[in-house]
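Following are the structures in question.
Next, two complexes with chain A in common: one pairs it with chain B, the other with chain C.
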Partner chain A sequence: MRLFVVVIAAYLVVALALPLYAMLSKSMLDPDGLFIGLANYVAYFRTPALVYSIKNSLFVGVLTTLITVTIAFLLAYALTRSRMPAKPAFKTIAMIPILVPSLLPGIALIYLFGRQGLINGMLFGHDIYGPIGIIIAEVFFTLPHALIIITTALSIADARLYEAAISLRASRTRIFFTVTIPGVRYGLISAAFVVFTLAVTDFGAPKVIGGDFNVLATDIYKQVIGQQNFSMGAVVSVVLLIPAGLAFLVDRIVQKKQVALLSTRAVALVPSRHRRFDNLMLGYAIIVSVFIVGMISVCQYAALVKFYPYDLSLGFTNYQFDLMDGGGWDSYFNSIEMATYTAVFGTVLVFCGAYLVEKAQGLGVVRGAFQFLAMLPMAVPGLVLGLAYIFFFNSPTNPLNFLYHTMAILVISTITHFYTVSHLTATTALKQMDAQFESVAASLKQPFYRTFFRVTIPVCTPAILDISIYLFVNAMTTVSAVVFLYSPHTTLASVAVLNMDDAGDIAPAAAMGMMIFYTAAGVKILHYLLSRGIEAKTQAWRSAVPT
Partner chain B sequence: MDRLSQRIRSGLIGSALALGLVGITNAGTELTVYTAVEAEDLKKYAARFNEDHPGIKINWVRDSTGIVTAKLLAEKENPRADVIWGLAATSLLLMKGEGMLMPYAPAGLEKLDGKFSDKSSPPSWTGMDAWVAAVCVNTVEADKHNLPTPASWKDLTNPVYQGHLAMPNPNSSGTGFLDVSSWLQIFGEDGGWAFMDQLHENIDHYTHSGSKPCKQAARGEVAIGISFAFRGAKSKAKGAPLEIIIPSEGIGWDMEATAIVKGTKNLDAAKTLVDWSVTEKANQMYNEGYAVIGIQRLAKPVKYFPDNIPEMMIDNDFEWAAQNRRRILAEWQSRYDSKSEPKS
Partner chain C sequence: MTETFLRIQGLTKLFGSFAALSDISLTVFEGEFVCFLGPSGCGKTTLLRAIAGLDIQTQGTIEQDGKDISVLPPAQRDFGIVFQSYALFPNLTVEKNIAYGLESRRHQRVEIRKRVQELLTLVDLADQVEKYPAQLSGGQQQRVALARALATSPGLLLLDEPLSALDAKVRAHLRLEIKELQRRLKVTTIMVTHDQEEALTMADRIVVMNQGVIEQVGTPEEIYAQPATEFVAEFIGTMNLVPVQALPGSEYSGLGARFQVNHNELPAGSHAALAIRPEDVQIDQAGKAAGENTIQAKVDDLEYLGAFVRVTLVASGDQTRLQVDVSTNRFSELSLSAGSEVSIVLPPERILIYPRPD
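And now, the complex of A and B:
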């Protein structure tokens, strides 16, 4: 068992720690590979155009955070504290943005508010290319993440607090500010940091709709792809690591402070009916849903129109991907292949890793290091990881060099990029299991793998399914890490969206983006049906009546 | 899904065959060829080559000029490409400077126009065709905004065009650099920057890709896109309301060119491909998309291309452009790339 712990820890060292180290050292080399200390950093901070990007990134990050958290809080409030109808439908719609690459809202905005946009008058002469466009696209992209966190926070309220407040004759507003908000403050902080990190490190939206508004993420791309200046790319990557890392640290500290709100004696809050309030919330949920569904519909429309805006007849000409940049239909099938491998191998790796860390005895140092490495990917932007992989895996002295340009490196980078959330899901599920299982098995002289296959896996099946679906969907939509790593034989659909848009073929880009959406949505639906069936089979004990 | 299962099946069969055949035969050679040739033309290029040399299979690695160049430089220590077929001569000069190319004089080199090969002997690269700067004007949008049709680069600095122009950012696009370096040669160093200062006032945005300004003009996203003629002709053929203007001061241009990567393990096949790339047959093939080709006497007019392109091409000094590239890009960046601050 200890051997397995070491093996999985070694995976994270090779797939994460060493590449990041390679990148840090690259940022201190000149183009010829000589060590020059911090000279690259000095050059960076002396270039005003590059330093502006820090300001721009922070500006976009802060505004997106304020807007998204507000919208998500109100929607979560409607979902948990009102009795409006059709809650599952609204919840499902709000999850749609997770299923598309972040480039897609950018494309939708061009069709809506660009020079030839369907409703460009609504911007009152402002330009969608730039911060306005980026922020709208980021709000769309980050909304589901914030919503999940805040909904969870809002749904664990103790009704007794509200009863007490009402009997003290507090007004509704006062209750809201003295009971509701303090109760979810950690959720709000957590959501804010997640949104901020996503918005600052996202590359898709600013690439498509950013115009000349430079941000750190697009700077990395420009330095590496446009100017072949790898050292400077590494410097910008390190700069981008700072805000993401800080946000992550603060979030960790806050999470530690969080104490259980729900004591055993808590009474679940069941919202009562207030017609006016419920209608208000319903109206709000409809507005948010129209925004989300509208963006997606615009993309589908864009994909079908033959030559916008001069020939509005519909057809499938934009689906002839083989005539465009980006690798054609092959890239779509490559993406499915990559996502499948990521889901299968990633789930096995993550779940076994979490199991070993939870259940293994001894090896405290290794387990501590493992926990740290498992949390680290959350703070590492995808672009940074991708660039680090070039430096590490393409070095001729690296014995793992043969992985470069293969499907395997795409799978490894994607698993690593999305490791943290999968790991947390697995750990949470495993923590619910009493350690007694292992002690009983040991006293019965059963080997650990027997308990693992007979008890642990069946009990954790829902979590295992969640992890695999999370990995699959993210592998379909991710652009940032893989944009530096794909090869001509392993082009990906999400990167094809980027490249087609880059070449100006925006309608085919929308078409490919929608292919990703339908695939991810189909898999999600499959997952839903499957998990209902499995839950009925393996989770019946949870609701079983004790005899 | 049909296609996927077919792919898996053919993959399985393929690997089974490969296992069986390894060590028995080595009939077909495979070449890894890096290129920036338009995606829609690649199949044609390989097929025409295979008509004469069926034994050599081409595995394309295609991306835009900037990305292919970055890839090649990144892989400098450990090259993956055998041949580069269809990449900007400026990029190849960069690689020549890094010692990454193998000098080779292909059979039939003497038939090429003088400027279509590297100056060293034997040359490190040979040219295929020229791609030239051009201005794409959307006639529908121009009418809508009452914009006169520009005839020269200087015309584009007229304030009526303010907010109606797009051009590629030279820091990320080869076409963008070609524009900037040609203006510095046409107007002189000081005159060139003065021209760009004025032009900058009219630019709505800079794009990352060289073909994008023209495609945006085709969709009416901007009225005028500074791009290259090939892109304009293609969009026009698709029915876009475009007029392709060749400015009267002359136009910058670059070549698509071919080279052998030093260290290739398939040198004979690589030489065969480079020999073929300068044949008359290959030149006629380039001529299907490009008006100016390596053996210019063979060139036929290309539909939607203005016919005065060869006379309008400036006497482009590629060595100068390659040597000054870093300095020009840094200057451009400090002047224009910080245009956008947060509009708070």
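And now, the complex of A and C:
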């Protein structure tokens, strides 16, 4: 058992710690590989154009955070505290942005508000290329993440607190500010930091719709892909690590406090009917849903229109990917292959890792280091990870050099990129299991792996399924890490969207983006059906009455 | 004390087709301490929540202080409530928690401070004002919840299992404290509990409930000595319950013998339960006791409980098991041990009879 712990810890060292170290040291080398200390950083901060990007990134991050958290809070409130109809439908619609690459909202905005956009008059002469476009796209992209966190925070409320306040004759407003808001404050803080990090480190939206408005994420890409200036790319990456790392730390601290608020004696709150309020919330949920479905529909429209805006007839000409740059249909199938490998190997690795860390005895230092490494990917933006992989795996002295430009490196980087959330899902599921199972098994003279297969895995099946779907969907949509790592043989659908957009083939880019959406959505639906079947089989013990 | 404060009539609460309360009628007098006692799921909390207006009843009326409050929302009723979980606002200090209800009623700030001070002294927490609920012990949290409920001087105090989350020692202490406080403030109080010791020690009157109906209303003495139904007899304290059959006259057959009781309304041949408390059974060495209601038995097990010994006997007639409490002194006189043969007497005036369906 200890051997396994060491093996999985070693994976994280190779796939995460060493590349990051390689990147840090690269940022202190000159183009010829000589150590020059912080000279690159000094040069960076003396370049006004680059420093300006920091300001731009912060601007986009702060505004996106304010807007997204507000929208998400109101929607979460509608979902948890009203009795409006069709809640599951609204919840599902709000999750759509998770299923598309962050490039897609940018493309939708071009069609809506671009120079020949469908409704560009609504911007009153403002340019969609720039901060306005980036922020709208980021709001779309970050909304589901904020919504999940805030909905969870709102739904753990203790009904008794509300009853106590009512009994003490507090008004609705007073109850809102003294009970509701304090109850979700950690959720709000956590959501704000998650949104901020996503918005600051995202590269898709500013790439597509940023125009001349440079941000940190696009700078890394331009330094590396455009100017082949790897050292400066590394410097920008380190700069980008700071806000992301900070946000991550705050989030961890706050999450712990949120959990502490959970009282075992809490009684679930069931909202009562208030016709006016319910209608108001319903209207709001419809507006948000129209925004989300609208963006996706515009992309679908863009993909089907033959030659916008000159020939508005519909057809599948834009789906002839093989005629365009970006890798053609192969890249779509590469993506499916990559996502499948990521889901299969990633789930095994993550779940075993979490199991071993939870259950193994001794090896305190290794397990501590493992926990730290498992949480670290959350703080590392995809672009930074991708760049770090170039430095580490492309080094001729690295015995793992053979991995470079293979499918394997794409899979490894994607698993690592999305390790943290998967690990937390697995850990949460494992923590719900009695810690004495292993002792019981030992007393019955059974080896640990028997309990693992007979009890642990069946009990945790829903979580295992969640992890694999999470990995699959993210592998389909991710651009940031893999954009530095793909080769001509391993082009990916999401990267194809980027490259086609770059080459001016926006309609085919939209078409490929929609292919990703349909694939991810299909997998999600499959997951839903599958988990219902599996739950009936493996989770029967959860219901008090035999079924 | 004889002024009616709360009048509940024909109260029914349905959850779907399940009747949590069926046709409850009850009167509570001013200044009285009433306990709703019963096993979990008996409807006692539902009744309390109906009185508070937190769950409005399906049918029936509630009058408080001469006013019909049946359909009023909680905010328009006059009560303070303490929940089992206390439901203290975790983000507010002790002081702010207690002042919460006063601020809702727009009292002057000076007035509020004064009232909070008064209450803190009342519950003996004057030195904890600035603390947050999580920094207090369970007993302290309980007292803050009590102070918060009493802050606005409500006419009715509702306590929903207020002591069940505490450990035994704190519980015993707070039991006295709450009772003392209630007597001093003369506030009409209703407490829900499943702990009969709590109900017996604290209440002026106990309402024993089971499956949505009231089984008995009475003082602790009445409930203990004269349980109205077999359910109450079994639920309160320890009771020997023996299946018997009525004979003509005031006699019953059971335990392989015949028993004389003081009064009997059951027709001959009907089935019933004979009930007698362990401390009411007289025990003697074999053959020493004689006369009516005497049977022979054998000691099966002895349980030493300090002031007395609980003796488990097996009746020689039909092997029914009976429990008898013997004071420690009497026990050493008798020098009993497992296997000893004894005679026991079931005094007719101590026997209770409950009819059973045939």
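Going forward, the second predicted complex is superposed on the first by the 538 of 547 C-alpha atoms of A that agree within 3 Å, B and C clash if a C-alpha of one lies under 4 Å from a C-alpha of the other, contacts with A are read in each partner's own complex, and residues count from 1 in each chain.
By definition in this document, a contact is a pair of C-beta atoms (placed from the backbone, for glycine too) under 8 Å apart; a residue touches a chain by one contact, two chains touch by 3 or more.
Since the model is a prediction, treat every value here as computed from it, not as a measurement.
> After the overlay on chain A, what do you see for chain B versus chain C, clash or fit?
fit
> Taking the superposition on A as described, I'd like to know which of chain B and chain C A:Ile253 touches: first, second, both or neither.
The answer is neither, since A:Ile253 touches no partner chain.
> Between chain B and chain C, point out the one touching more chain A residues.
Result: the larger residue contact count on chain A belongs to B.
> Looking at A:Leu529 after the superposition, I want to know if it touches chain B, chain C, both of them or none. Which is it: first, second, both, neither?
Touch partners of A:Leu529: none, neither chain B nor chain C.
> In the overlay, answer first, second, both or neither for which of chain B and chain C A:Arg160 touches.
second
> Taking the superposition as given, does A:Thr47 touch the first partner, chain B, the second, chain C, both, or neither?
First partner only.
> With the two complexes superposed on chain A, say which partner A:Ile506 touches: chain B (first), chain C (second), both, or neither.
first
> State whether A:Gly211 touches chain B only (first), chain C only (second), both chains, or neither.
first
> Touch check for A:Asn401: first (chain B), second (chain C), both, or neither?
Only chain B is touched by A:Asn401; chain C is not.
> Determine, under the contact definition given at the top, whether A:Phe333 touches first (chain B), second (chain C), both, or neither.
A:Phe333 contacts chain B only, not chain C.
> For the overlay built on chain A, what is the smallest gap between any CA atom of chain B and any CA atom of chain C, in Å?
Chain B and chain C, overlaid via chain A, are at closest 36 Å apart by C-alpha.
> Quick check on my understanding: which residues of chain A belong to both its chain B contact set and its chain C contact set?
none
> Would you pull the chain A residues touching chain B in the complex into a rising list?
47-49, 52, 55-56, 59, 110, 114-116, 129-131, 207, 211-214, 222, 224-228, 230, 307-311, 322-326, 328-329, 333, 336, 390, 394-396, 401, 405, 487-489, 499, 502-506
> Can you tell me which positions in chain B touch chain A when the two form their complex?
3-4, 7, 39-40, 59-64, 66-67, 69-70, 73-75, 77-78, 80, 140, 169, 171-173, 205-209, 211-216, 218-222, 238-241, 329, 333-334, 337-344
> Using the touch definition up top, name the residues of chain A that touch chain C in the complex.
Residue list for chain A touching chain C: 158, 160-161, 163-171, 174, 178-179, 182, 185, 261, 263, 265-267.
> Which stretch or stretches of chain C touch chain A in the complex?
Going by the criterion above, the answer is residues 52, 54, 73-75, 79-81, 83-85, 87-92, 100-101, 104-105, 148-149, 151-152, 165.
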